[in-house]
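Starting off with a structure, shown below.
To keep things simple, chains are lettered A, B, C and D as they appear, and every chain counts its residues starting from 1.
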Amino acid sequence: MADLTTNIGKLVMKNPVMTASGTFGYGEEFSDFIDISKIGGIIVKGTTIKHREGNPYPRMAETPSGMLNAVGLQNKGVDYFIEHIYPRIKDTDTNILVNVSGSTVADYVATAEKIAALDHIPAIELNISCPNVKEGGMAFGTSCASAESVVSAVRKAYGKTLIVKLSPNVTNIAEIALAVEAAGADSVSLINTIMGMAINAEKRRPVLSTVTGGLSGACVKPIALRMVWQVAKAVKIPVVGLGGIMNATDAVEFLLAGASAIEIGTANFIDPTITIKVAEGINDYLERHGFKSVKDIIGQLETA
Amino acid sequence: MRKYLLDLTVSSNEKLSGNYILMKLTSEEKLPEMLPGQFAEVRVDGSPSTFLRRPISIHYVDRNTNELWFLIQLVGDGTRKLADLKKGDLLNVMLPLGNSFSMPTTEQKELLLVGGGVGTAPMLMLGSVLKNLGFEPTFLLGARSKKDLLQLDKFEAYGNVFVTTEDATYGEKGFVTNHSILKQKKFDKIYTCGPTPMMKAVAAYASKNGIECEVSLENTMACGIGACLCCVTDTKEGHKCVCSDGPVFNIKDLKWQI
Amino acid sequence: MADLTTNIGKLVMKNPVMTASGTFGYGEEFSDFIDISKIGGIIVKGTTIKHREGNPYPRMAETPSGMLNAVGLQNKGVDYFIEHIYPRIKDTDTNILVNVSGSTVADYVATAEKIAALDHIPAIELNISCPNVKEGGMAFGTSCASAESVVSAVRKAYGKTLIVKLSPNVTNIAEIALAVEAAGADSVSLINTIMGMAINAEKRRPVLSTVTGGLSGACVKPIALRMVWQVAKAVKIPVVGLGGIMNATDAVEFLLAGASAIEIGTANFIDPTITIKVAEGINDYLERHGFKSVKDIIGQLETA
Amino acid sequence: MRKYLLDLTVSSNEKLSGNYILMKLTSEEKLPEMLPGQFAEVRVDGSPSTFLRRPISIHYVDRNTNELWFLIQLVGDGTRKLADLKKGDLLNVMLPLGNSFSMPTTEQKELLLVGGGVGTAPMLMLGSVLKNLGFEPTFLLGARSKKDLLQLDKFEAYGNVFVTTEDATYGEKGFVTNHSILKQKKFDKIYTCGPTPMMKAVAAYASKNGIECEVSLENTMACGIGACLCCVTDTKEGHKCVCSDGPVFNIKDLKWQI
């Protein structure tokens, strides 16, 4: 057994596999299929200061090797989370992270402050990259100045590990990552979904209620991998890589490209046991290639 | 209820009239408990255009032969690929998913089960369960045409079957809500599954006549277990997931304009 | 038979199907399989002022529902094209367009001027979006100012129909399209490839010689469709849509989203007869839905 | 040479020792002309991870039975899917693609055909053509192990066959370039196809001994017909496409350091 432990800021994880926000519910939904405490970290649903109903349906469209979603951050709000959900999940023997979203800087800060008070939540993932909401969301993640402003504000209010989730819908993601690093983030995670669209030709109408939605799944992997590589070269803080990871080989590719940990999203829908399989598969890879620790392959892509 | 991820073995896969298949699946282990109205998320292998699993209702569970039945309409690449499966092939399924039709209360004696098209699928399992509990359910099944009427003989084992076809090739002509049985008999509870316009018409009939009514909804699904929030429907308590809060809803909880 | 003719600037096409540059050679390569004169337009390889050897190999990696390429504009230069290739293809009974690339504004202008002298080339597609070259290429297509500068310079030198091919690797493609329109382009085409990357985990090396490459094929369709829709809403000039079109339904979706014509790229590799099938399929769609002309569906997506 | 896009019918698909298949394809029409060294681009259906066609060499064409043979090593999802094809299934192919091995000049009598692993595939077609022209080609086939030696009996019909295996399970132990036949006999022309290190060793032997040598290269391909420029190799005249300028190159034109 190789050493799979990895660190993101002050966060120590038993293995580099986390679940991507919005694709794994609160973890409980998967506990009939796997022992969720064996996952390195569970990032729960996008949580906002107030209750959000999300977008009207249809919210999903299948695409070649992927899917579009337009959920739009449906959640019952941070207070409901603290009162009703946190007590149920807090003693899971793994890292539980909250994905924090908002429409204004004040929203982000207020939500982060409330989460900061929860002993069993060691880190948040700040979502400045949701393409499915009208206000805020992705807008914060598509310019250096706005990314910087929201991250610095949250940084002041939140002392534990702060991971900032970046949007791929930008010209230069490394630039945004640098701004976020300068603003005090402990880590960046990428990518959130890519803005896409589906049309029903027979009906001459968009498939999604919101016309556009966020693309995820195997199809985005080449783009995600490129961005993780670009960002890992640019910043000094640890990078969490995700986007289209479907199996252990994909996960190893992200680690080689420079990710210190990875997240699995859409693949959970196709195989609810995939997180465990990927953690095991990373171990197999390390053993087969004679590496003692996952840290021995992080960023070890040879490009010369 | 505990959910399982299983590789089931195809014991038969029969092409029915029209564009439907009846697939029977078995396992070395005893099949898990399943309730009428629940469904499975089926992984379709070898279909390049099918990325996600496909939701398919529990059509029937034969506890004697340890077989699970699916009744499937071939509408796209995924379902067509399922039609290629042969005896002995494996099919990966997550099940049982979702809630179920609720059992009648002590006052509810006359039960009407209305199915339209492939929406008749869950009605067979429901009918068999109700019959086992001592009820004599009435089935009202609607289809485009005679060839789209599925499993009639099976339904007849559990209750009286009434039929409408749109082209008058079998039973009464028209839609289920036009059938004369609705005028002849008074029902205490209606269960329905089928195309949305049909279910809305049935719901309208039920609500006009003060009859309790449960509908089984469809929606586009990604996870099937309440994790992704892709499959919501409007209810009086806001968005609810069809996959985990449903697929069965009582019409009094929905925001249907009926 | 519905009326399939469509216009891009002064360019009249017998049907809305063109071939995407770099995927259809000079057309000749496909003439054993189809009558290439039945295609609405053939856009030949990216052509530069001087001979280019392109990038070292490997230049290709397969990805989920797509591929990465790193060809890097290999071509024998515009003079070779004019002397050796043009005479062979000029009498093909369809529109032959040249895709013009360059490293500097002067290069673009010089190449465009030379092509302008060719009677049988009614239009050029200005490629300001190639992700596979070190200098110029995509850099011109990722900021409004640089896009504007190269397009105005070429506009002065080139009087026939000028289509500008946009890069999807940007935060706001509608903004770039507006800049290009203001600079005098007759049309914009989109999308070029999306920058991606592939890694061979066993070897711990990138698959492509250039590390990153351009993603194309079915996987990019949702992104391309979204961008075409955004751009078509923003500009007044006609839009040419492409990116992942694999069949006639895909093509209809782009037309509905606002494209006046479409291009087929990667799909030619899988089915060398696909261009003809798509043209026929568009006709079938129009007849089935009772439309007399393809113009009746351009931009007719109902989003309300 | 005219290229065709054809749906051929599988007439047999045999699993060979090791991890190889021998697929035979036929058509109602007479199969087109094909030359030794040319290849086909095969569309793999029903394999979600296989987006592009797969290049496969013409292994042999049996004009009596109107059958085209492919010899395929199962290395990934695409080739494994091809192994599932059954008699009667259709396979969509573009063919014949690429150039071909050049025929010997009048001075070239002793011909050596060196194949390594599945690179032996085009050598059977080449051997049969040379034999038909009156030559007595010599085959030198290398493999990891006995189970990777393919079609030996077929090769023997067209010339003398010498073998090396790396593990000494058959023929001489070692690599093809160590085989004693190279010391015993003087060849006028060498044709080779196999792993690049093997072909380079053969090319080095040929160039040291002043023997003309043609190699059949591999590369990652997208179009197979010279349209996309994805498959280039370095030649003295710059980048050339392996699919259309090759796959066969004369080593004097390559920039190999040998």
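By definition in this document, a contact is a pair of C-beta atoms (placed from the backbone, for glycine too) under 8 Å apart; a residue touches a chain by one contact, two chains touch by 3 or more.
From a predicted model like this one, the values you see are computed outputs, not experimental measurements.
*Asks:* Compare the CA centroid of subunit C with every other chain's and tell me the farthest one.
*Replies:* Centroid comparison gives B as the farthest chain from subunit C.
*Asks:* Please report how many Å separate the Cα centroid of subunit A from that of subunit C, as a whole number.
*Replies:* Measuring from centre to centre gives 34 Å for this pair.
*Asks:* Quick one: subunit B and subunit C, Cα centre-to-centre, how many Å?
*Replies:* 47
*Asks:* Would you kindly tell me how far, in whole Å, the mean C-alpha position of subunit B lies from that of subunit A?
*Replies:* Taking the mean C-alpha position of each chain, the two centres sit 36 Å apart.
*Asks:* Going by the contact rule already set, what residues in subunit A reach two or more other chains?
*Replies:* Those would be 61, 63-66, 217-218.
*Asks:* Could you list the positions in subunit D whose residues touch two or more of the other chains?
*Replies:* In subunit D, the residues touching two or more other chains are 48, 50.
*Asks:* Would you identify the shape of the chain contact graph, picking one of line, ring, star, complete or other?
*Replies:* Shape = ring; chains linked end to end, path closes on itself.
*Asks:* Going by the touch definition at the top, which pairs of chains touch each other?
*Replies:* Chain pairs that touch: A-B, A-C, B-D, C-D.
*Asks:* Provide the residue numbers of subunit D that touch subunit C in the complex, in ascending order.
*Replies:* So the residues of subunit D in touch with subunit C come to 2-5, 43, 49-53, 94, 219-234, 238-239, 244.
*Asks:* Taking the touch rule as given, give the residues of subunit A at its contact with subunit C in the complex, in rising order.
*Replies:* 61, 63-66, 68, 142-143, 169-171, 194-199, 201, 204-206, 211-212, 215, 217-223, 225-226, 229, 244, 246, 249, 252-253, 256-257, 285, 297, 300-303
*Asks:* Which part of subunit B faces subunit D closely enough to touch in the complex?
*Replies:* Checking each residue of subunit B against subunit D gives 46-48, 50.
*Asks:* Would you mind writing out the residues of subunit A in touch with subunit B in their complex?
*Replies:* 22-25, 29-30, 32-33, 45, 53-54, 56-67, 69, 71, 74, 217-218, 266, 268-273
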